[in-house]
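Structures given as structure tokens follow.
Two complexes follow with chain A in common, the first pairing it with chain B and the second with chain C.
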Partner chain A sequence: MTRSAWAALAVLALVGAGATLLAGANPLAAFAALLRGALGGPQQIAETLVQTASLLFPALAVAFALRAGLFNIGADGQAVVGGLAAGLIGAAWPGAGALSAALAGGTLAGAVWGALAGALRARFGGSEVIATLMLNILAGLLATYLLSGPLRAPGADGPETATLPASAWLPLLAQDTRLSFALPLAVLLALALQFVLARTVYGFELRAAGKAPEVARRAGIDLGAVAFSALSFSGAIAGLGGATIVTGVLHRFNPALSPGYGFIGIAVALVGGLEPLRIIVAAFGFAILQSGSLTMQAFAHVPRDVIALLEGLAIVALAARRAFVARAPVPP
Partner chain B sequence: MNDAFAGAASFAALTLVKTAPILFAALGGVLCERSGVVNIALEGQLAAGAFAAVVVAGATGNPLLGLVAGVVAGALLGFVLGFAATRFAADHIVAGMGLNIFALGACAFGIVVAFRRPGASDEVAALGNAGEAALIAVALCAALGMHAFLYLTPWGLRLRACGENPAAVRDAGLDPARLRTIACTLGGGLTGLGGVFLALAELDLYSDGMTAGRGFIALAAVIFGGWTPLGAAAASLVFGALSALQFGLQRSGIPSEAMQALPYLAALAALAGLTGRARAPQADGVPEERRFD
Partner chain C sequence: MDAFALELRGIVKTYAGGVRALDGVDVTIARGEIHALCGENGAGKTTLAAIAAGRLRPTSGSVTRAGNAGFVPQHPHLVDRLRVWENVLLGREPRRGLRLDERAAREDVAALGATYGLPVNPRARVETLDAGAKQRVEILRELAREPALLILDEPTSALAPAESDVLFDVLRALAARGTAVLVVTHDLGDVAAYAERITVLRAGRVAARFERGAQPAAIARAMIGGELPALAARTSRATAPCFEARGLEAGSGAEALRGFDLEVRGGEIVGIAGVEGNGQRPLADAIAGVAPYRGTLHLDGRELAPGRPAARIAAGLRTIAADRQREGLILDWSVLENLALGDQRRAPLGGGLTLHRGAMRDRSASVVERFDVRAPSLDARVSMLSGGNQQKLLAGRALAETPRLLLACEPTRGIDVAAAALLRSRLIEARNAGVAVLAISVELDELFEIADRIVVLFRGAGAGEFERGAFDRARIGAAMAGVRGR
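Entry: the complex of A and B
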């Protein structure tokens, strides 16, 4: 880690300690409770790994698009439509293959949601940032409308699907936990993306379009096609993530299935340097914060929102990292 | 006849109430984006303005001090965005996203610290109906004033030049980084005032999630309004009217989600160029390159 990264971490630790004191708690006790809640036993570790998977999908989605120079800040919305498709398919699918159908449907739905932003960008040059942001909100509204209106599940109190039959559940990795095969799936996906980015022609075109669009265009790379496909794939990854939350964790669809994972995923992707394998490590780090925060709130009486506060500051610092790098070699 | 008139009047009044916070935030966004900084942190600035206003109004019993605090809180977040974007060449999108997460987290945290319970503040001394009317007037005047400022004054020209061609501004002997930071700070203050309206004029408390995506609706208004103050004001009025209509249409069978979706669909249509030739400022979102001279 660079010196500025250590400095940023020190500042974050100070802010965190200050906030904890403000809440009338002991910072060290709060930190200990956080770690105990995230890593204190097999059950806690399993829950942290569940969070790791939930963060890994959107982080990979963000990173894949960003390698092509495109900002997908709509991973939450793509996860919602992906989860919605998975929930509807999984609940209605007759007989064998329900799980595969649910995951495939979720992936496809996410891809469509990403492709909408991709088409807007490729065809009209519209900002994919704004498009994915707007599509986030539209995804939630669409899900709420469908599940409280035309596709309302019998007996449901809120906009939820019925509970999925066990044939549509992702198998558990460890009994008596919520840890399912979503995690190995996410890790495999990271490996696959690493391969695509580093070793395939498409990956090269993608990175070229992201690094030096003008050069890429002159070399005959169709920037519009890259933008469309990268945002579609990105959406597919996030959509698959939403589908794994539905089939692996909740076992039904709920519009709040991705509470800001897409936004935290941006931080995860940046901390991981947009490298899929390093992003796995970063996702685990952020998952510790997510899963330990409830224990911290319950036992150290520090509101868990302090984690969001710190994550937000970290993201601002990450945004400024380019300057930390560029400032060092000032020519005389 | 009288009933119809009263209905229309109350609809108009409700429209203005729903418009004001969106309009404040949209104007803050226009100022920021015209100077060349993309501001997706409007939601966080609204929340910060509302939160600070309620905390200070609650502590002092004086809603006017709360108003000032709300403006200052929004301006501070705007300053951080502008400063990070210009002095650290930070990516505007990432910084804006981070500020949103920070602000919403800090407000939720602060509510627990200040009021000893999560979710919502106590009811505090608010601005009342007169204050509400005054702030609506301020919002509408601010749209006109910003139009006059941007298009009729030399400083308005310089600010717009920062968003189109910062190199030219530098050649003219001005510091675009500084102008952008000032624009972001002032824009943040305006957006904070939108938060004050939500917390102390429309209501008299802060609760988590009370901004309810208005910052993103305001962003949609900025885009649908073609990055101009009057365009954004018109879009805010339309979105405010849609929001007011929802109360009347609850029994009509039109799903409320469809109404809520319209601002975002309008923004997407504007992005696709379906609403004319409006475009973002040329250098909008381009980080200020550091100079090594």
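Entry: the complex of A and C
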């Protein structure tokens, strides 16, 4: 790590300690409780890894779009429609292949949700930020409508699907935990995205459009096509993430399956420098904060909000570091 | 004239990575002196200017300044969305109580412009200005701080000749008021005219010092440490119809094209001469396919459909964009990746799912060698290269293979004499190989050197056509100024 990265970490540690003191607790005890909650035993570690997978999908979705210069803040909505499709398909699929069908359906649904924003951007130049934000709300309403009305599961008392048959469950990675194959799937996806971005013609054009649209346009790159496809793929990644939460963790669809993962995913993507492999590490780091924060609140009496504060500060520190590096003189 | 505005003693600058940009440089500038700092790309000019301005700390050596220093960079550093007065007074806005006194601010800026002979419209948005006006804004912003020393990095690189003359008048007036002026430049034609003293840098050291009246040729020899190579010889050749524009209308406002016809044959360099802002940009954008237009364009007998840059590239058009940093290169990317831009979908670089790294390396190595691009490595970021090396990269990409039509917009803007000579030779060689070359340049001397035919553009229409052998500076100049008649 560079000196500025260490400096950023030091600032975070100091602010975290200060906030903990303000909350009337001992920072060291709080930190210990955080670590115990996240990594204190096999069960805790498994739960942290479940969180890692849940954060990794939306973070990769955000990063992929951002590499094309597009800000997808709708990963939550895409995860909801992806999870909804996976839940409906998984519950209704007869016989073999239910899991594959549920995951494929979730991916496709997320892609469609992303493509809506992509089409608006490509066709009319509409801001993808507004479109994906609005589509978040539409996704929740759509799920609630479908599951309270036309597709209401018999005996359900909320907008939920029926519990999926075991044939539609993601297999567990470790018995007696919630840790499923969602994690290796997410890591494989990160590797694939790294390859797409670094090595393929499509990734080259996408990065060019994101870095310097005017240069890309003059090099024959169709900016509209890049926007449409990048947001579609981004939605597909987030949709697959929602589908893995339904098939791997909840085993049914519930509209609250992605409680802000899409937004934390933005932070994870930025801390990971928009590089898929580094995002894996960043997702693990954020997962520690997420899964340890409950223990910290319960045992060290530090509100969970301190964690949200630190996550926000991580982005500020990162932005400050970028500005700092950008101002450094460049040799001729 | 005994008081020094700037004294640099034994300046050494070593960058991280061990690159020694400056190696013991002494320069002194008196109050009211116009001093020119010349040198090739990478000689250390920009580094020395940054040290003189206090923007960069030397590794060793002493810097003494009589007052503060203003710095006008080669590429404008302005807030495009803000208006002229806002840019000039940013951080020093006149106030009335807590509120910004906008009227006073506008009047201040207009008065400042009038004082120094730099006319600007304080209310104009910077993004709507051309390069010359942006530079005036930038100079005014620095002058508003009343510097003892004003440093300008390549100030004429984006200016038409007439605009350069205005700039020199401004600098002389400034010097007469006692401000010291340091101009970093490679433009030797002008240096001798305005600079009282000239320091030539080569490879981080002072190679020579000259007084006013020195021969440009002597300065050039000091810069490159030898004689300029001769331009490539033009071979006689058979030409064939290649590119045709009919009834072209494009752009808007004063610089719009109004019914322009043009033909460029394969194996011919056609130069578009004209004062900047007479339709060059709409013409280039229409040919590149990045802006709407009316009329027709044909390349090798096939019509080019509007709005399809990719189809034009496939048809064999390659472009040296006028603005290398905004339109041509991705500064954050490596040399390697920049050289693949535009050809990513065609063999040998692309064509399939993945890019062929081997082919990219082969092409880059060849371009870097043929165009003498001085880069630490093929993986170095383009932002690390000097402006001249960036330009050579841009031209090298356009000529990596043999295109059908080469659109060269200001092909040697902002680069030193040796690099410019190299690029001009490469253009002539492309012509000899049968490429149709359309060179748009505000530098008439450049077109005299390379063009087979010169077409003058005035207010968006053709204002005269001259064959090589009948190039007449007076008549072409008259056509550029809109004076009709044979």
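Rule of thumb we're sticking to: the second predicted complex is superposed on the first by the 314 of 332 C-alpha atoms of A that agree within 3 Å, B and C clash if a C-alpha of one lies under 4 Å from a C-alpha of the other, contacts with A are read in each partner's own complex, and residues count from 1 in each chain.
In this section, contacts are C-beta pairs under 8 Å (C-beta built on N, C-alpha and C of every residue); 3 or more make two chains touch, one makes a residue touch a chain.
The model shown is predicted, which means the values in this text are computed figures rather than measured ones.
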Chain B and chain C placed together on chain A: clash or fit? clash
Looking at the overlay, what does A:199 touch: chain B (first), chain C (second), both, or neither?
-> second
- Query: With the two structures laid over each other on chain A, which partner does A:273 touch: chain B (first), chain C (second), both, or neither?
  - Reply: neither
Worksheet item: After lining up the shared chain so the two structures overlap, which partner does A:215 touch, if you call chain B first and chain C second: first, second, both or neither?
Response: second
**OP:** For A:42, select first, second, both or neither according to whether it touches chain B, chain C, the two together, or no partner.
**Re:** neither
Comparing chain B and chain C in the superposed model, the one touching more of chain A is B
Both chain B and chain C touch chain A at residues 330-331
Listed in rising order, chain B residues that touch chain A in their complex are 38, 40, 80, 84, 87-95, 97-106, 108-109, 112-113, 118, 213, 216, 219-220, 223, 255, 257-258, 260-261, 264-265, 267-268, 271-273, 280, 285, 287, 290, 292
Interface with chain B, chain A side, in the complex: residues 19, 22-23, 71, 73, 120, 123-124, 126-127, 129-131, 133-135, 137-138, 141-142, 144-145, 149, 260, 263-264, 266-267, 270, 303, 305-320, 322-324, 326-327, 330-331
Interface with chain A, chain C side, in the complex: residues 15, 19, 21, 42, 44-47, 50, 55-56, 288, 290, 309-310, 312-314, 319, 321, 326-333, 337, 340-342, 344-345, 350, 352-355, 357, 383-384, 386
Listed in rising order, the residues of chain A that touch chain C in the complex are 199-202, 204-205, 208, 211-212, 214-222, 329-332
